[in-house]
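You will see chain A twice below: alongside chain B first, and alongside chain C after that.
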Partner chain A sequence: MLRNYLLTAWKVFMRRKLFTAINLVCIVLTLVVLMVVTSLLETAFRPSGVEGRSERFLQIVMMRMDSHDGNSVSTTPLGYKLIEKFLKPMPGVERVAAATLPSGAAVYQGERVSEMQMRRVDADYWKILDFTLLAGRLPNAADDAAGRMIAVLNATTAQRLFPGQPAAAVGQHIDVGGQNFEVVGVVEDAMHVNAFADIWAPISTFASSDYRNELTGMFVALILAERSADLPRIQRQVEQIAKGVVQADPKKWKTTRFWADSKLDLFARMTVGGNEKLDSGAGLLLALIAAAMLLFMLLPALNLVNLNTGRIMERRVEIGVRKAFGATSSQLALQLVVENVLLCLAGGLIALAATAGLLAWLEHIQLINYMRYDLSLAVFGWGMLIATVFGLLSGVLPAWKMSRLDPVHALKGAA
Partner chain B sequence: MFRHLLKLTWKRKSRNLMLSLEILLAFAIVFGVAAFAARYAQLYRMPLGFDSNDVWSVTIQAGDNGKTRFDAGVYDSLRRGLAELPEVSGIAFASFEPYAFSTYASDMRRDAKAPQVHTEMIEADDALAGVLGLNLVEGRWFSALDNGSAARPVVINRRMAEAMFPGVRAVGQQFIDGEGGKTTVAYRVVGVVDEFRAKGEFEAPVNFAFQRFEAGRHDGDIRTIVLKVKPGTARDFERRLNARLKLIRNDWAYQITPLSTGRKAMLHTRAMPLVLISVIAAFMLVMVAFGLFGALWQNTTARIPEIGLRRAIGASAAGIYRQIVLEQFMLSSIAIALGLALLVQLPLTGVFGESLNWAVFAAAAGLSMAVIYLLSLVCALYPGWRASRLSPTEALHYE
Partner chain C sequence: MIRLNKVSKTYRTDKVETLAVKEIDLHVKKGEFVAMMGPSGCGKSTLLNLIGLLDRPGEGSIEVEGIPITRYRDKQVAKLRNSTFGFIFQSFHLIPDLRVIDNVELPLLYRSMPAGERRRLAREALEKVGLGARMDHFPNQLSGGQQQRVAIARAIVGQPQVLLADEPTGNLDSKMGAEVMDILLGLNAEGTTVVMVTHDEHEARRTSRIVRVFDGQLVA
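And now, the complex of A and B:
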């Protein structure tokens, strides 16, 4: 039966090649946009590359302090003391790292000034994130303890500052905002929430060591769990720790809150969730994204409905014959929906190829610095799912219309 | 002629309904993008209120998270040290520079009973007006005359003066901080600038107030140095500037940026969403064009017997052509009229406030109407031509 459907579908598609082509172009255009979005989401949230372990680490980016009367609220990144005193001794986790958010820094070489994004990180940071080392070495705990003035560059930055092989940069000295650093390592470019930067240096290279005594500051904490199943427990642990923090100014700030978030939670918290409660609003965010995608499909679906309705009018003789020989309305409707879904799946395959090309181009023009897109199997799966939903969305109405055709009128050609 | 067309369209209403719905949706999307673009074009032409040429900013990163206080001596040593550089022609301090991504806003009111006026603010010293080339239209900028003044001196922009003191001369008036019940700070207006949009060309006009900063008197410090440099100062000045700053205070870090860099980053950030939605809308329009073309083609194919009959009883080829194109034109007009009736609710109810003012609405409506009419015309040309070319005999024998 399905074979017959397929054969009929093929015959119909080949009879009017121009319309099949127009149909396909419309489907492909829609699916390419949706697949690019899916692929971006995949790259951002699925554990891969440098943040390959993200399914078992959590990050704390912001802290919220409330005053006694509830009128004043302050949100700031964490201070180093808070991470060192409260989070690092936490039991039941593999390790905890501290890193600053990337901030602008100028690299001076003779008369040349290059604007770079710099992070200061501790040795644990390099053990939680899987950077690919191209040359030299990564900083370790001994460097932190000794306060050595060393820096790690990514490949693009190394190429910009010291043209040639990555190894050429190792051992060179750079002047970052008036501080002299020795380059000890070069890592591959990476674009992820916690990985993104051009230059990394140990935290102990700050000009002043005041940061050690601050509860608020400019740091984020990364917590690596032993197993991903531990994450909910750690989130509750962190919530408890936050309750126990007493700010330097307890008269002004009564409560302190911070949350250990997964990457999706973090994004959801920044966009829809807010920083008041443990629930980050990730469910709401996903629902919003799905709704936006469905809404986006509305116009293309209408478009396809119009095209398909035209096609049914052409096929009314065929439909009349089938009805006269006893096919039920639901059988006919099913057939048309199947045909439409098939066409969408075919469009989906073409769109996948086009998406791969488009992403390669986006990567080439560096729309987002260091972004590397890969079309994983998951994107393929999502793409096909989107194509099917789209096929159903645009096939149901014409099918319903078709199945209502009166066989007598259909055969006589007066719809 | 018109009634005739209307009748034909009505005859095929269920089919045309779907087509109109599609055009309506496409119209709404084009309108959205056009309104966004029109608003940006409008904002870009408005005066900015300051001159960012040859201005550099230095953000002091003292590494104390803003806890320690700088005393007047710290500011004086920075001023003296930087004035010695031959490239520097003006030095001012502010809480942050123009084109920075930071915002500080508060609700102000004239007295305890007056309505609140949402106001963006920065703190500035006595030299900022000169460095940024602010245009004072009333009163004066801060000076040593304001030392020890009980109410905090402020300079506001004209927009805020009109919102806070409608119909009254703003200079000399006072207002208070509207937040919280107990500790209110009083402000005294000493001058009015014509305009100030700190976030640059694509920012909507806001109420703005500069508060005078006096070292040691307030809760926080201002840690951004705004420098006017001589025209033609190259980027490598940054290195000498940084070395000089390190001489003054070695334990601080400094983030130095020419305002032109900040401007580029800000414009880029603001224009990015527009570029993205334009690309997506363009994709959609291409798709709609293909779809309309296909649907019209099928429509005319289905109507071949009707066209044959018209030809047989004397209609000219041009007449048929006109009929197809005009029908499509009418369909688009119905969809656009419906779309406009819905979209006009937006400026009427004012959900988007000033961003969707009538000028923007008119520009966006005109632009999107032109696009949709053009699109439906282009899509109808070929199917119409094809239908007009049919010979009556063939058409009557069709099927």
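And now, the complex of A and C:
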């Protein structure tokens, strides 16, 4: 029966080529947008590239302090002292890294000044994130301990400052905000939230060691678990640790809270969840994204419902004949839905190719610095799922309506 | 085989109510070839649709092989239509997008049957109507007479007990009409019950019984 459905579908599509083309354009445009969004979400949240171990690491980006009277709230990145004193000694974790958030830094080369994004990180940072080393080496604990003035550049920065092969940058010196650094390594560009920067230097290269005494500051902490199953336990541990932190000004601040979040949790906390409780609001965020995607599909789906109703109305005779020869309403509805889903899947494949082209173009023009778009098997799967949902959404109603046609009237309509 | 008891059918639109069939009692016996005659709009086709379970009566009851189908659900009626009836229409109603063999296979799609078996039966049905060499053609590549023969093959492929033909020769010239009539007579001779609507007195005389309809009622 499926063969007959497919054959009929193919013939119907070929009979009205313009109609089919309009349908396809409508489907493709919708799906391209949804697939680009899916690809961006995949790139952002799926463990990949430099954050390939993200399924077993958590990050603490912000802490929140509440005053005694409840009228005052302070939200700030962590201080190094908090990471070193409270988080690094945590039992049951593989390692904890400290890194500053990227901040603007002026790089001087003779007459030229370049504005770069710089992070100061400890040696554990390089062991949690999977940077691809193109030349030289990565800083280690000995560099941290010795306070060596060394730096790592990403490929684009190395190319910009020292044109040629990445190795050409190794051993060169750069002046960043009045400090002189020797370039010891060049890594591949990376866009991920914890990896984004142009230049990295050890934390111990700060001009002042005041950072060591600060509970609040400009740092984030990365916590690598031994297994991803440990993450919920670590999140609870961190929640408890936060309760034990006594701020420098305990008279002003009554409570300190911070949360160890996965990438999705972090994004959800920043957008919908807030930083008042352990639940980041990731469930709500995913539900909102799904609802937004469905809503986005709804308008073109309604348009397709109209087009499909017209297309199916032309086939009243066929519906009448099939009914006369024993087809039930549900069999006919299924046939018509299968046809529509097929068209949407075909549209999905075209959309996938168009999405690949669009993403390649976005990557080429570097709309977002160092952004790498990945059209993975998962995106393909999601794309096909979206196409199927779209097909069902736009096919079920007309199919159901048409399948209930009275056979006598359907046959008369043709005569 | 099929019994209609006091069957009436009214069609209603917003303002108009048309009594198409009035309290008809009709018994079609197994193996009969019944010709239904009457002027246009007298209710012949409505009666044929009621016999073929394509339409439900407003009043009265219909029995198929002694079983009243009044309370049958749509799904049960569809199954009964598929197993018991074959339809031949004046305008052939072949699906233009499908090849002849696929058109003929259509009734078997709604039975649980392997694809190979379906294909074999469709081929046999086409050979029976003399179109074994036209299986891979599309309907629009055939003459009117050939198309009606394909429609007959489609109607008989499921080996139904009853063939219902609504003016099967109405769109054909006399030669092709005679060919189609010969096929129907042959099928009846093999035991298939046939009920045919026709305007052609000559064709009607070749059947075993003529039923005349006038103003929605049977007349003697």
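Rule of thumb we're sticking to: the second predicted complex is superposed on the first by the 413 of 415 C-alpha atoms of A that agree within 3 Å, B and C clash if a C-alpha of one lies under 4 Å from a C-alpha of the other, contacts with A are read in each partner's own complex, and residues count from 1 in each chain.
Simple rule for what comes next: a residue touches a chain if its C-beta (ideal position, glycine included) is under 8 Å from a C-beta of that chain, and two chains touch if they have at least 3 such contacts.
The model shown is predicted, which means the values in this text are computed figures rather than measured ones.
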| item | value |
| --- | --- |
| Three-chain arrangement built on chain A, chain B and chain C clash or fit | fit |
| Partner chain(s) touched by A:Ala145 [first = chain B, second = chain C, both, neither] | neither |
| Partner chain in contact with A:Ala353 - chain B first, chain C second, else both or neither | neither |
| Touched partner set for A:Ala378, first chain B, second chain C, both or neither | neither |
| Touching partner for A:Gln331 - first (chain B), second (chain C), both, neither | second |
| Contacts of A:Leu6 with chain B and chain C, given as first, second, both or neither | neither |
| Touched partner set for A:Ala290, first chain B, second chain C, both or neither | neither |
| Where the C-alpha centre of chain A sits as vertex, the angle toward chain B and chain C in the overlay (nearest 10 degrees) | 100 |
| Partner chain(s) touched by A:Ala167 [first = chain B, second = chain C, both, neither] | neither |
| Distance in angstrom between the closest Cα atoms of chain C and chain B, superposition on A | 11 |
| Touching both chain B and chain C, residues of chain A | none |
| Chain A partner contacts - residues on chain B that touch it in the complex | 15, 18-19, 21-22, 25-26, 29, 62-65, 67, 179-180, 235-236, 238-239, 242-243, 245-246, 250-257, 261, 280, 283-284, 286-288, 290-295, 297-299, 301-302, 399 |
| Residues of chain A touching chain C in the complex | 1, 3-4, 7-8, 11-12, 15, 317-318, 320-331, 406-408, 411, 414-415 |
| Interface residues, chain A side, partner chain B - complex | 18-19, 22-23, 25-26, 29-30, 32-33, 71, 76, 79, 103-106, 108, 111-113, 115, 177-179, 206-208, 210-211, 214, 216-218, 298-300, 302-307, 309-311, 313-314, 413 |
| Interfacial residue positions of chain C with respect to chain A in the complex | 49, 52, 54-55, 74-75, 78-79, 81-83, 87, 89-91, 93, 95, 97-98, 102, 105-107, 109-111, 115, 154, 158 |
